[in-house]
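Two complexes are shown next, each including subunit A; its partner changes from subunit B in the first to subunit C in the second.
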Partner chain A sequence: MIKKNLLLAEDDELLASLLDYRLQKGGYNVHLAKDGRDVKEYLKTATPDIIVSDIMMPYFSGIELIDYVRNQLNSKIPIIIISSAGNEENVLSAFELGANDFISKPVSPSELLVRVGRELNKT
Partner chain B sequence: MLISAPKIHTDLLWDLTILFSGLGILFFAFVFIFRNRLSAKSLKIARQKKILAPIISNFLFYETDATKEENYEYIKLKIEIRDLLKIQFNRLVLTEILLDLQKDLSGDSRNRIFKLYQNLELHLDAFKKLRNWRWEIVSKGILELTQMRVLAAYGFIKKFINDKRGVVRKQAQIATVTLKHEGISYFLDTTRYGISEWQQLKLLDVLRNFEDFTPPRFKAWLTSKNRDVVLFALRLIKHYNQNDANKSLIELVKHKNDQIKSEAIQCIKDFGVFEAVATLKSVFRNCRVDIKLQILDTISSLGKEEDIEFLQTLVSKESNFLVKSKAISTINTIAPETYVPTEGIDKNITTKSFETNVEDNSTQLSEVMNNNELNKDDSLPASDHKEDSIDMQDHLDPELEDEIIFDLCFMEELEDILTEFNESEDQEVNYLPLDFLPMVSEVEELKSTVDPQTTENSNVESKEILEEESFKVELEAILDKIKAHDQDVVTEDEKDSELEFLPLVVESNVEEDSEDLIVTTDEDILAMEVKEEEVIKEQRISNLYNKFLEVDWLPKQELENSETIAQKSIDWMAFVNESEGTGIMTQTSASNTSTWDENYTGDEDKDDNPIPDFYGFSIFQELFRTCDVESKLILLDEILAVGDEKEVNFLKTLKDDSDKKVRAKSEIILKELQALLSPEIEAEESIAQIQTNELEAQQPNLDKEKPESISQINTIDVSTLNKEEDSLKSLEFCFLNDLISENDNNQMPQFELDFELVGTPIEDKEDNQEINEINKKEVNKKEEKVLSSFIRNIISFPKKFK
Partner chain C sequence: MKPKNLLSQLSELESTLNNFSFEELSADEATRLKKSFEAFKTHLEKRIWGEDISPDHDSKLESLKEKEQLQKAQEMLIATVSHEIRTPLSGIIGFADLLKEGELSEDQQHKVNAIQSASNSLMDIINELLEYSKLSVGLENFEMLDFNFFSIIQDVVYLCNTLMLGKDVKLEVDVDKNIPENLIGDPSKLSQILLNLLGNSIKFVEEGEIMLKIKLLRQGEEKVVLDFIVTDTGIGISKEDLEHIFGSFKQANQQTFSKYGGAGLGLNIVKQIVDKLNGDIKVESTLGVGTTFKFTLPYTTGSSTSKSKSQQTEISSEEVKGMRILVFEDNELNQRLIERRLNSWGCKTYITENPIYGLNLLETDPIDIVLMDLRMPIMSGFEVTEKIRKSTKKEVAEIPIIALTADFTFDDKNECEKNGINDFILKPFSPEELLSKLIKNRNDIQTNFKLNATSDGNQIDHTVSDSSFDLNSVLEDCMGELEMLEELIGLYKRNALEFIGNVKMKLQDGDSEGVAFAAHKIKCGLKMMQTMELFSIVEQLNTTAKTTKDKNHMQFLLNRFVQEYPKAEKMIDEELRRLKKNGNE
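The block that comes next holds the complex of A and B.
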């Protein structure tokens, strides 16, 4: 069975590591990106099946990432946004720009796994 | 004297320079060293975190149904981590990792972190911290144990609730409440220190985030000696809606502390403690303004009408504006509209409700109408009219108002016509204007004269016959009038026997006495039928009268005269109505009526006033009565535009108006109106003169034809009368004829004034055309140069209401 490629953009290394472990255990090839620059670099060379990104990241926020993917790359890759609680405006902006789903912190890794699977099934 | 510089030892300067340079270097060296140490430590921790994070992840997401390889890996990592935990640094890093992760994770992963923390015995390090002498270490230890939900720490931590170190105490309070559900009770029972607002909010937040939390009955702490505990308990009572402490709440209203008092009042308001109102009133005077406002707000929610007296006392005695305003607001909340706006209100304006006037007037009119109806017609119950008036009042709407105004206008116009006619009638009392009589041949008349018995069986044959017979009756009445005028004086008894209302039927019968008429069977029937006709006439009159009485908007002074006006109008209408049917000139069978009222008693005196006197009143008089100054000024302009002589009289009365503007303007308008009316008056006078001359010219012919007896009346040649029709029919008669003939033709139960004027029935169009031609002839023939406003008004009258 071919594993789906997943780009996980999260600046908190500890959380990224934990989610990486959980998602790999869930059957995905996870590529970790600690900031927006890493995301851009990766997207120039590869096309993931789905992107899971934190909104607040150094250099390149999750909102900009969505804009970049949708408007510059003209890609319809599913994007799931991880946002801290009470960040409603950013979530709405993300949805307006084309985010497919969002999950708020504190994150339940199991829930994230389900959402990723659902978005990939849609495509 | 020269000032010399002090001698400074250069060696000392050099020493100082070296010292400060050394201190600087030392400072920067310390900074460098400490920074490097911290950075190195951070790097070491980060590096260690990277090593430990996968281990932690493996532990967190380990599942019992894992494969052998996973199980092997898990056991291997367990051994590895035990070795790592032997080093304090690794314990510290692992603790940090778990504390960070518990913030970012939720659900099952979080619970696994708590378990892992305790399984790795990291909580023992936290316990050690509690023994530390430094308050920040103790606080950190308490926080760590609280965050990792170490329930075993509850007993240790709760001892710090009354710690003298504030940070430790507050941390311990939150930990106690967080770790166990009963922690709040313990905290409230034992705390001796004050609880800050911020601390209360944090504690409340902790309680709010509890799952499956059953709060204790916080009324138990309302008796605490710690006022902050009481205050916090009150807030918790309000938060959890524990409304089982009403007595305590009422008592707390009397508390010396305003915060507690305020909180208790808020609880009383929220829980609707009605029995607290008396206490609230009693403590009111000694409270601060904000508490007073709060008490008034509570009274507005819980108060009843008996509390209004207290509030009114406040309104009269309270000096504070806010409290006074709030008291008024409270009164209006309890009893709405007790206080109405008074500021900025023009007190000179007194508003009279139109509906009230209508009600008053309609009631008075109903009474008048009822009295009159009782006298005239017992068949109509008085209550009917009362109900009508009530209905009218209930359903008063703009359309009805328009209708009322229409009626008013009609009344005015009608009065004009009748007044005009009366003036000419006064000059020629004995003159009977028969120019408007319908053209009916004798042959038709005779055909319609049927045996009464046969008539009873056949009932109504055709509408035309009905009309003709109706005319017969009316003609007879008119002829009776003529006779009455000729005889000039007739006694009441004679009137009864003279059968002035009786039809002038068969020649043989006419010559007989009334007594003979009663004896004969046929004559009896005839007489009865005549009475029936009288009933119809009376009903018409009554309907017309009712119609007039529907003008219930009349002012009181007009109301007093309304009956007279209406009666005169009816008399006049009846007179015209009777006069209309003279063209038939034959005996009356009157067998076409379908109703017969045996109890009917005719009002024989109704024709005593052959020519009623009318006096007009200005329509503006009523409008002025109810409108304000601005409206009056506008109406004055309108008077100038449409007014006539009546308005002149009315304008004269305005000289005494209370308002200066109105007085001044009325004088100006009066002058202008008089100037405008002067040619009209002349024109009308000239028209009247022409008519008078014509009528006088016809007088000999009429005198010749005027019957000396009833038999003679029956033989009057209709054609002779009709010849004069074109020349004699005045516009006023045309108007009235039109109205009345329409009413008769349609057999309408009531005199539908608005309908008659708005729309002309098709069958009467020919008559109208004929009348119009006659009018044209008259105007062209005699009054080409004179066009009075009166005629113009009459001609355009129906158009006004289209």
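The block that comes next holds the complex of A and C.
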């Protein structure tokens, strides 16, 4: 079985480390990006099967990322947004722009795995 | 010699320090400071070790009386010198603390740490000396108080557990349940004996066990005799050393001293106290196996009224629950004791020996009452009080302040009223006294503050020693992998230190955006590891950096983070240790 590629864009080191660990254990090839620049670089050459991104990141917010992927790259890659408390309007914008799902902090790795699996099963 | 030489060296050190501005700190100056300090320490050691002034000394003096007189004179000298040394030494310790708060390079930090470590050891030696001489010259007071025996033992055990952190040592406690709860005697002397013996055991046991066993030997109508046994699996004591172990100024050998520190007076002090309390102390030991100290002490049973007193404590401690108390206290032991006491009543306790932190804290956080040690190294309690009374905020200027003082003369009482101190407690004080003073002096207007929720809308339990802290949920997220959890903890610590350095720099550059960025980045991790106090501080920092951009406030919040971080780190390390232990069982 081919492993699915997952792009994880998260600037919080602790959370990123934990999610990276769990997602890899969950059977995914994880590429970890620390900020929007990393993400852009990565997307120039690679096409992940799914993107999990924090809604607030340096240089390139999660919102901008969705816009980029949907409108610039014209891609339908499933995108799951990680939001934090007080970011409700952004979550709505994210959905409007084309995000598929969201999960709020504190992120339960188990829950994230379920959501990722669900999105991938749809395609 | 030459107490003169010693004292002149000391005043040279003192004047060096007085001319010292930590802003102009250079590595050279720090080195020079340390060097003079080392010289001073060596001198003092020579003074103590160089001359054998123990009573076993085979002197050329003719009569016993002359011998005794000489001993008394020497002991008075020790008492005086120790006392004189303590003040400038407190100054050195205080200044080393201040240096640490400044901007130092890593190398300079090391140097300052060395100064601190040396001064603290020296302070320990001096305190032992002082204690010893006070006892010998009969200046020591022995109280006759009604006290709760079990809670004294609990306090001692708690302290020992703190001393054992990071050591592979287990402490077992077995206290006879038939011992009456309330006794009449001197609880602080009892604590002192136990802490001395247990402290020694902890010092000399690398790994193994220490056991404290307390039995009820005899019980009469109103009297009891208690039997105490302190056993350890430590390095043990040789037959020759056992003979002199309770003598003064004797330590097993010079090597022991250089490894373990101390003036070698501890056991002599213990014996003097036990003797004065009409008790009896013995020791047995085998080299390489362990040591056992046994002592008995007689007590009179406390009256039944004292029982209802402790019941009263249970009831009225409800009245101080949730009170936010700021304590200015420089002695570490006292800090821990008072913190534990206040927290056990459900108070939120802030303790600092640094008056600037305390003053800043008063301006930004709601505090209900202040406990103020009058004698502190950097600024006296009176000076701090003066500054508080000058505050522009009404609730700060009018905050109730209770002075904590060891020796209280009529003059001090006037000083209190003059300087705007509301009340005072004499040290040593009982918990009941502290409780009743808190209740008496609290300002009902202030208690409204405690009803405010914290900024993120959650009611967070703020007790410093938070027993509900556990990382099981994080461990679960790591699928039970302790190694992964450890990795996360390592990341957490690195992030925290980076954060501190980062924000320091950004504040210097006036980069509020940078501060907000750093704060946002670390926030999540702090919450994940359940260090909520730090999380709350960083959240405030984030908000301030985005809104008012008040540099002073941000600096203050950073300082608070620096202050609170070691506690959080300790909590996490302990929890990790606990989880590891559970994993091995």
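Following the convention adopted for this analysis, the second predicted complex is superposed on the first by the 123 of 123 C-alpha atoms of A that agree within 3 Å, B and C clash if a C-alpha of one lies under 4 Å from a C-alpha of the other, contacts with A are read in each partner's own complex, and residues count from 1 in each chain.
FYI, a contact is a pair of C-beta atoms (placed from the backbone, for glycine too) under 8 Å apart; a residue touches a chain by one contact, two chains touch by 3 or more.
Just so it is clear, the structure is predicted and the values come from calculations on it, not from any experiment.
S.K.: Let me test your reading of the model: by the given contact rule, A:Glu111 touches which partner, first (subunit B), second (subunit C), both or neither?
M.R.: The first partner, subunit B, only.
S.K.: With the two complexes superposed on chain A, say which partner A:Met56 touches: subunit B (first), subunit C (second), both, or neither.
M.R.: The second partner, subunit C, only.
S.K.: Have a look at where A:Leu18 lands relative to subunit B and subunit C in the superposition and call it first, second, both or neither.
M.R.: Both partners.
S.K.: Which parts of subunit A are in contact with subunit B and also with subunit C?
M.R.: 12-15, 17-18, 21-22, 25, 105-106, 108-110
S.K.: Taking the complex as given, what residues does subunit B use to touch subunit A?
M.R.: Checking each residue of subunit B against subunit A gives 46, 49-50, 53-54, 56-58, 60-61, 97, 100-101, 103-110.
S.K.: Can you tell me which positions in subunit A touch subunit C when the two form their complex?
M.R.: Listed in rising order, the residues of subunit A that touch subunit C are 11-15, 17-18, 21-22, 25, 56, 58, 84-85, 105-106, 108-110.
S.K.: With touch defined as at the start, can you tell me which subunit A residues reach subunit B in the complex?
M.R.: 12-15, 17-18, 21-22, 25, 105-111
S.K.: Quick one: in the complex, what on subunit C touches subunit A?
M.R.: 456, 477-479, 484, 487-488, 491-492, 495, 517, 520-525, 527-529
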